Every structure is written in structure tokens, then in C-alpha cells.
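What follows is a structure written as C-alpha cells; I'll ask about it next.
Going in written order, the chains are labelled A, B and C, and every chain counts its residues from 1.
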Amino acid sequence: MPDSEEKIAILSAAIEAVLFTYGEPISIAKLAKIIPESGGPEYIPPAIANLTERLQKSKSGLTIISRGDEVQLVTRPDLRNIVDSLIKEEFSEELTPAALETLAIVIYGGEVPRSTVDYIRGVNSSFIVRNLLVRGLLDRTADPKRGNAYRYRPSFALLRHLGVDRPETLADYAKFRDMLLKFAPPN
Amino acid sequence: MTYEVATERFSGPLDKLLELIEEEKLPITEVSLAKVTDGFIKFLDAQSGTLDPNILADFLVIAARLLLIKSKVLIPDLTLSEEEEYEVKDLEARLEIYRIFAARGGSASSHIAGYWETRNASFGRPFLFIGSETVFLPGNRLTPETIREAAARVFEELTALTPETSKIKTTIITIEEKIRELMERFTRAINSNFRELTKNHSRSEVVAMFLAVLHLLKRQEISVEQGEQFGDIMLKKK
Amino acid sequence: MPDSEEKIAILSAAIEAVLFTYGEPISIAKLAKIIPESGGPEYIPPAIANLTERLQKSKSGLTIISRGDEVQLVTRPDLRNIVDSLIKEEFSEELTPAALETLAIVIYGGEVPRSTVDYIRGVNSSFIVRNLLVRGLLDRTADPKRGNAYRYRPSFALLRHLGVDRPETLADYAKFRDMLLKFAPPN
């Protein structure tokens, strides 16, 4: 599918239909596979940008959130205040200091091994990381560089609860991310 | 379970260190770290009976670094090895970055806490297909054997969580034993001076020795004298 | 909520968010109840008209259908082939190791709440459990002990597929069952 304005708009509607039905976060690669008419993965991001802008401009109750190459269709964060039924789905607990520090390190780090969390906090963080994984606030993915290790990322559930559309829009994101990138624990 | 609870509630050695530094309104420098070392050791001493051994181990690691820094500031002759210099700089860098992520008002943590508490949040919805049709789609991988393997994998990972804890415990016993051993040796040869006592010893032994001096001082088993700032320390048995 | 243009737009967005999270048809009376700021059921139909028109004008992939006094947000009929493609793609995927692990816990556990699956695996399993339900591999039943929670068990079709009439006849059943009980979270 080439990239005329109109074709992008058609693809954006198709993506919206898939995101709506699927509900869960979905990768760009998978979207391209489901919509063969897209012409390939490279055509998906412009259509997602178009969809995001259309939702925003038309004052839709829905919006797009993303993490890396995954996207999800969700409700607009500010509507939580006027829709009663939304509140019950939430993470109601307060964050302990350990949980808050760990979430902050992972979310600003983008994707970090547990050793980074341990090193910055100065304490073994295996239990708090596990706790956050079980609660669904963090995700893990196999570390490509190390056999049995994992890297940790903020989950979509966390992004939704924080009301941010992607980690990059968090306050001071670039600054803190750079600090974390420069700061690697010894192996 | 108690360890889980303890680690959730307890913010750890860097948090304590930061608290001490902030109490004194000091910048994060070697001199400041040397200044708060005693307070840190005092806290550790008071807590050591009640702290979980795993957490105590985390504290001891930082205590050893602090003592290294303190000896560097107090004993100007002491030249540190490359590795030790790295350890000193590393602790400063870690504190700087921890200060930003610390739950005690670090700006990154404050940002996240702010988003967490705001009344804005988005919601998703699970896959719409649920319950709409009866399907059975096992795929090609589902056999009694793959299920058994999967169960074995799960429990292997679960059991692996436990040894990690016991390994930490072994390390800490070694640290504590080493200190005790050094203190005995030190008590025998007490009427001496620090420089002589530590001559030809490795840096880590010098640090451990310094830790021993502090302990004995605290127990009032020795008295110390230092003629001038950065001068040699004379040690006397009481 | 009175009927200025802007307020209708906000109400229309709120209705869209509610319809999205429910996925099913909802009555106007229920919408009014879920959105207290609507001001009452009489304000809902104009907002739905606004929403329907907005979706159409903005060339959204979604549309509103209504029957009697119930409305539902659905994908546009002409995008049906894409939704079919999504379902086909989703179900043609092989079970991942994580999915097999989740099945193993439920099979050896007999009937377990999701919290047990999460705790034993050390990660949140909500997505995987939903996927296994959709594939007909798990059944769920309301948890008598907890309000909104479910307990999960292997479906009959799954047991048949494995060639066992009862989980007890699986290899190492007693061993894994004991481990499960040992590691299960406290209730």
C-alpha cells in the first residue's frame, strides 16, 4: 500500500479495527502480518501516527499508547474522572519506597537488567522485582546478551495507570535516561 | 517471607547514607563520606542484632567502602590501588544517581509517585473474541511430555530462588569472621601504632584493621592518640 | 451536564470510552448511571448521535450499532476481513513456553486462582490465561471465596487431547502437585 494521504487514512482505520478487537498491546510486525494490504511493516508507523493524530483531533474518548514497537488502544486518561466504572480496575495500593525506586529506575531506564536496579539501590532487589512482575507493573524479556538473565521494562498496565502515552513523554525522561545509560554496573 | 517484607520496608544502606549526608547538608564528596562514616557504623552496630542477615550484608559492603574512604582521608600516606580508587569514585557516583531515584524525595521517584497518584489513567480491554464461540485450538506443541517439561522448568526456576539467599549468607559470615579474626590478632599486638600495624598489609586488610580499631574504641578496650591531623595513630590497650 | 457543544463532545468521548471497555451492548440507562456527570438518561442520545457522526466523519475504523435502547461500539462492517485475519493469525500461533508453563500449573493444580499462577510463575499471567481461555484450553469458574475472581481448570477438550481422562494419570502428577502446594501463595 503506497503512501498517499488517503491510503494512510484507510490503513489507519484498519489498524484501529485490529487494535479495538485485540485489546492487548500488539507489535508493528504482527499488525503488518494481519493487514497484508499494508504493504509491509514500514508502512505501519506512519499510519499509527495518523491514527493517533486523528483520535486526538476528533476529541475521541480513545487514544494510543506505545512502548518501543508495540501499541495499544486505550481510553483517554482524563476520562477516568468522569467514568465511574473505570476506577475499580485500578491498582489501588500505595507504592512502598522499594517499589517506587524500582519502578522509577526501570521506567526511566527503558529496559534494564536486575543488576542495574540492585546496583543503584545498593540492595538485592530480587524480591521487589518479582513482586512487581507478579502485580503486572513490570514485564520481563530474555536478555539477548546473557543466557539465563532477563531485562525488565515498564508494563503497558503501568503506563496506563500512570496516564502516560509512552515512557518518552515522562518528565525529565531524556535527562534521567542518559544518566542511567552512562551508569552501568560492573559485571 | 520475612525477608521479602523486610526488603519492601527497608530502603537499604545507600538510603541511610544519603539520610546522614542530607542531615548534615553536605555535598557528596570523599570528605563528606568520611565525615558520616562514624554515624553509619554506629547505625549498623545498633541495628546489626535486628537486621536480616541479607540486608546486613548489603550494609557491610557499603561500610567497607566507607572505611576505605575514611582511611584515605585520615591517612594521607595511604596510596590506594587502582581498584580501590575505583571503589571510592564508584560509591560517589552511585550515591549521586541514587539521590535522584531514592524514594526519599529523589526527583525521578517523585515524578513517578506524582503520576501514580494523579487521577488520570487509561484503560484497555481484553480480546473481544472471548466466549463468543466454542473453539479448541491446541496447536502442535501440546503433549503430555511438553506439559511435564514445562512444569519441571517452572519448579526449577522457583527452587533456584532459594540458593541465591543462602549464598549471600555465606559471604556475610566470612566478612564477620574475618573481622573477628583480625580483632583477636590486633588485641594481642595492641600497644603499637597504626602505621606499623598495617605495614606490608593489603589495602583491604588496612580497612578491616581500621574497622577493628573503631570497634575496640567503641567497646573502650583501647585508647587512641593522634598527635596531629593526618598523623600516625597511637593505640594503647586499656 | 447541559447541552453546550463542548459538553456534548466530552460526554460523547466518555460514552465511547465506556463502550470500548465493555465491548458489549449497553443500555442508555446504564450509560447514564456509569457517567454521573451526564446529567441523566435524556442527555445520552444526543451524545450518541454526536459520537456516531464523529466516527463517520473522521473515517474511524469503528462505528456504533444500536438495537432498541442498547448501543454497542463495533468495528466497521467493511473491515470484517481484517478482523477475521486477526483471529486466524492469533489462533494459528503455536503455544509459547510461557503458555505451556501456565497450562502445566493449572493441570497439575487441578483448579487454581490466577493469583497462584502468577505467584508460581513469578510474572503476571493475565494475558496468557485469557489467550488459553479463548483457545478453549482452559475453563473458568467464579471463585466462591473472592468477589470478582475466577478459578481456572483444564478444559475437558484439553484433557482428552492429552489422552488422559483425569489429570491424576499424568506422569509425575504427585510430585508436581506436591511442589505446587508447597509453593502456592498463602491465602
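By our rule, a residue touches a chain if its C-beta (ideal position, glycine included) is under 8 Å from a C-beta of that chain, and two chains touch if they have at least 3 such contacts.
As the structure is a prediction and not an experimental result, all values here were calculated from the model.
The central chain of the assembly on a C-alpha centroid basis is A. The count of contacting C-beta pairs peaks for the chain pair A-B. Taking the CA centroid of chain B as reference, the farthest chain centroid is that of C. One finds 32 Å separating the Cα centroids of chain A and chain B. Separating the CA-averaged centres of chain B and chain C is a span of 44 Å. Chain centres here are Cα means. That of chain A falls 20 Å from that of chain C. In chain A, 20-24, 73, 75-76, 86, 130 are the positions where the chain touches two or more neighbouring chains simultaneously. Those residues of chain B in touch with two or more other chains are numbered 123-129.
Of all residues in chain C, those touching chain A in their complex are 9-10, 12-18, 20-21, 23, 34-37, 54, 57-62, 73, 75-76, 79, 82-83, 85-87, 89-90, 118-119, 122-124, 126-127. By the touch rule above, chain A contacts chain B in their complex via residues 20-24, 63, 65, 72-78, 80-81, 86, 89-90, 95-101, 103-105, 107-108, 119-128, 130-131, 156, 159-164, 170-172, 176, 179-180, 183, 186.
For chain B in complex with chain A, the residues that touch the partner chain are 3-4, 7-15, 54-55, 58, 62, 90, 93-94, 97-98, 100-104, 106-109, 111-113, 115-116, 118-129, 161, 164, 168.
Those residues of chain B whose C-beta lies close enough to touch chain C in the complex are 123-130, 134-151, 153-155, 157-158.
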